[in-house]
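The following pair of complexes shares a single chain, chain A, combined with chain B in the former and chain C in the latter.
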Partner chain A sequence: MFETSLIWNDLWFMIQGAGTSLAITFWAVLGGTVLGIALGLARSVAPWWINAPLGAVLDVLRSVPLLIQFVLANSLKSIVGISWSPFLIACAVLALYTAAYCTEIVRGGILAVPKTTRRAARSLGMSYRQDMVEVVFPIALRVALPNWIGLTLGVMKDTSLVLWIGIIELLRSSQIVITRTQEPLLVLMIVGAFYFLMSFPIARLGARLEKRWREND
Partner chain B sequence: MFQYTFHWRPILNALPDMLSGAWVTIQIAVLSMLIGTIAGVLLALARQSSNKILSGFATAWVEGARNTPALFQVYMVYFGLGSLGIHLDSYPSLLIGIAFNNAGYLAETFRGGLRAVPPTQMRAARSLGMSAPKAFVYVVLPQMFRIVFHPMTNQMVWAVLMTSLGVVVGLNTDLTGITQELNVKTFRTFEYFAAAAVIYYLISKVITLTARLIAWRVFRY
Partner chain C sequence: MIEIRDVHKSFGQLEVVKGVSMSVAKGEVVSVIGGSGSGKSTLLMCINGLEPIQKGNIHVDGIDVHARGTDLNKLRRRIGIVFQQWNAFPHLSVIENVMLAPRKVLGLKRSEAEAIAEQRLKHVGLGEKLKVYPSQLSGGQQQRMAIARALAMSPDYMLFDEVTSALDPQLVGEVLETMRMLSSEGMTMIVVTHEIAFAREVSNRVAFFHSGRIREIGPPEQVIGSPQQAETITFLQSVL
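Up next, the complex of A and B:
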């Protein structure tokens, strides 16, 4: 049972796969967060006739399986005739997906600031900009950050789906190793440990932040 | 700018097949939710228990389900269990994988829900002469489900979206599986997957609306 044909090269191959997973996560979360903050701010102030269509579009991104979004984006690429690499497609699709969730998180955070607090800030003579920067953002951040951490971890786990459009990330690299060693359980256990190590410490941090900030309220 | 004719005919021809696939998708999602709910309640209880082995097992399940991708979990059931001599078809392995995932997420939801039910409720029920299991089932659980109903609806939508992972382990009877099969036969990728996306969207909308209707009927005072 403890004899294995797994060699260090295989492990290194999987670590490279994990690097690809993390790179996709990084770009997707970066793009998605910037877009999400912009859209979330817009949604918290926009009138209903902008808000409703925007919300509906973002809702579509959340109600269609990511796997299908990847395939659609990939075939749309060939239809439109742009030659993006699958890596770029994966980052773009995941960034839009992240933005769809991040918008709601940002909007929820801003709407969680009581109206009376904002009125108090304005009546103390703060300008709208000061009210946003000094009062709304610090309070909204406390509500939004734990959710944002959860979203980031979710996106990290969802990068496993990009194997379908031909990117060799952590899970796909493990499959390649399995075809060589024929020891699926052992290899998958290692992959599971990789994912767990990437996700669990940050999840813990998020839970801790949430708890600590709730106690201070 | 770009020359592409969107063909409606293949979609119309394939629609009956795709709808029957949608039915399989819904079946898997509902079954995985049922199993996940029951296992989730048990896990939430086990995590509170003073038995170290029981709570350790439950914690390992919950953290494992929450900190690894769902696709990995399906892989684990489909490929990993084979090493232990358990060979499952793609349908049961997808079902088990998603149910495992659902149970982990729901257990965490239920734990929050159980904490939100005042402990005095349990004591009141006990002092009225109800046995502990009876008090739990008739007094605590109904109040908990009222609190966790909305997160459970979200999880149900998640379950439907997760069934699309079946195609990766070779399932060809659910919506994504049938779509993929049509795709490799005809290479009309965009048309078929666009149609599948619309069907998935409609399914999740129907679930959300039905849940709102149920909440309005059942949970009003």
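Up next, the complex of A and C:
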């Protein structure tokens, strides 16, 4: 018969960890998306002397491994003397990282709208703003959404890295449980299932939106 | 009345329109023919201010299109333009495509814009396709939708930029038919086209463009029927 020393308390502990993972994901994706939209918009219209340095900064954020960014930010905080909690640091670092990717997604979506389509909008007497709001954004959204869903799912899994700056999120909580129960296989399977349950609704939502839009286009 | 005076237009170093003058009176249909790169499409873009010009001027009903203070968005309400690519707004249904500008630019109520859009779409033979999305239309239907979209602004002038060039041959007829209908209703039109037979049939005048200049302009019987210039003769032989 299947036996385990895993108790409800362990499960509850991991659920709390999952809650932390979700909270970090939420704030990182929210902040990253808002900033990414602003920067992506800026990048699609800004002259090269703004675009080049901005692009370089974003390149750094995308190229340096996230783990290093977490650890560096967490150490810098003590040096600079800001008294942010590790949770806040985690959200901020991950938000910037998300923004770096989101910027390119937004910019790509906007640039995917054919010039001739925008020209047609302007030729009807629509202003630059109306062209943006009524034509460019809706079309760009359809291009960008699948990438944005992918980014969000990636960020959710990347939250597991924050255990290195002392946050007990889902993965860290599972390791604590493993230390006690010595049943890594079972616990990791449960954690995997948790991550799946967290990701699945977002993936489904994306698929549904895509399907609805595809029926039209 | 559209008055074009000594217009020069360059893209960087390349001068594509080299001093064109012509005028189009109310109710007139003027066709512009000529080879690729002769500057005829570019001139069309200059008329509603989509492209700036380097020299000369264009007046539409006395308004200087390229003057500093001209409100181009306001001017463009009166000048409809249809492009070679039909440029449907893919996220909007056919009727929403046509309603968009009347609602946003003219500030009409939804119901008013809907009534106008439905009327224009029926006029171009798309009364059955109101709720359909552009991707489900043929090229010819999309192009007729683009015409209805321009007509929904009740323009005084209509510009057509090689509107049948990107269409399958069997779809050309329906679009030309729609334009024929407009001309018979007295719409003032400038038609850049490669359809010589069509130009001959509907135009009051035909202008032949060659390397950025008007080589010949006059009634179709004259320019197409008995061309005087060597370039015109060569061009017509190559397309007829």
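Operating definition for what follows: the second predicted complex is superposed on the first by the 201 of 217 C-alpha atoms of A that agree within 3 Å, B and C clash if a C-alpha of one lies under 4 Å from a C-alpha of the other, contacts with A are read in each partner's own complex, and residues count from 1 in each chain.
Note that in this section a residue touches a chain if its C-beta (ideal position, glycine included) is under 8 Å from a C-beta of that chain, and two chains touch if they have at least 3 such contacts.
If you're wondering where the values come from, they're calculated on a predicted model, not measured in any experiment.
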item	value
Chain B versus chain C as contact partner of A:117, first or second or both or neither	second
Greater residue coverage of chain A in the superposed arrangement, chain B or chain C	B
Partner chain in contact with A:209 - chain B first, chain C second, else both or neither	neither
Partner chain(s) touched by A:190 [first = chain B, second = chain C, both, neither]	neither
Which of chain B and chain C A:67 touches, first, second, both or neither	first
Chain B versus chain C as contact partner of A:145, first or second or both or neither	neither
Touched partner set for A:158, first chain B, second chain C, both or neither	first
Which of chain B and chain C A:127 touches, first, second, both or neither	second
First, second, both or neither for A:88, with chain B first and chain C second	neither
Touching both chain C and chain B, counted on chain A across the two superposed complexes	none
Chain A-touching residues of chain C, taken from the complex the two chains share	48, 50, 73-74, 76-77, 79-81, 83, 85, 87, 89-91, 93, 100-101, 104-105, 133, 135, 146, 149-150, 153
Residues on chain B engaged by chain A in the complex (per definition of touch)	1-2, 4, 63-64, 66-72, 75-76, 79-84, 157, 161-162, 164-165, 167-168, 176, 179, 189-190, 193-194, 196-197, 200-201, 204-205
Residues of chain A defined as touching chain B within the complex	60, 63-69, 71-72, 75-76, 79-81, 153, 157-161, 163-164, 171, 175, 178, 183-186, 188-189, 191-192, 195-196, 199-200, 203
Complex contact set, residues of chain A against chain C	114, 116-117, 119-127, 130, 134-135, 138-139, 142, 213, 216-217
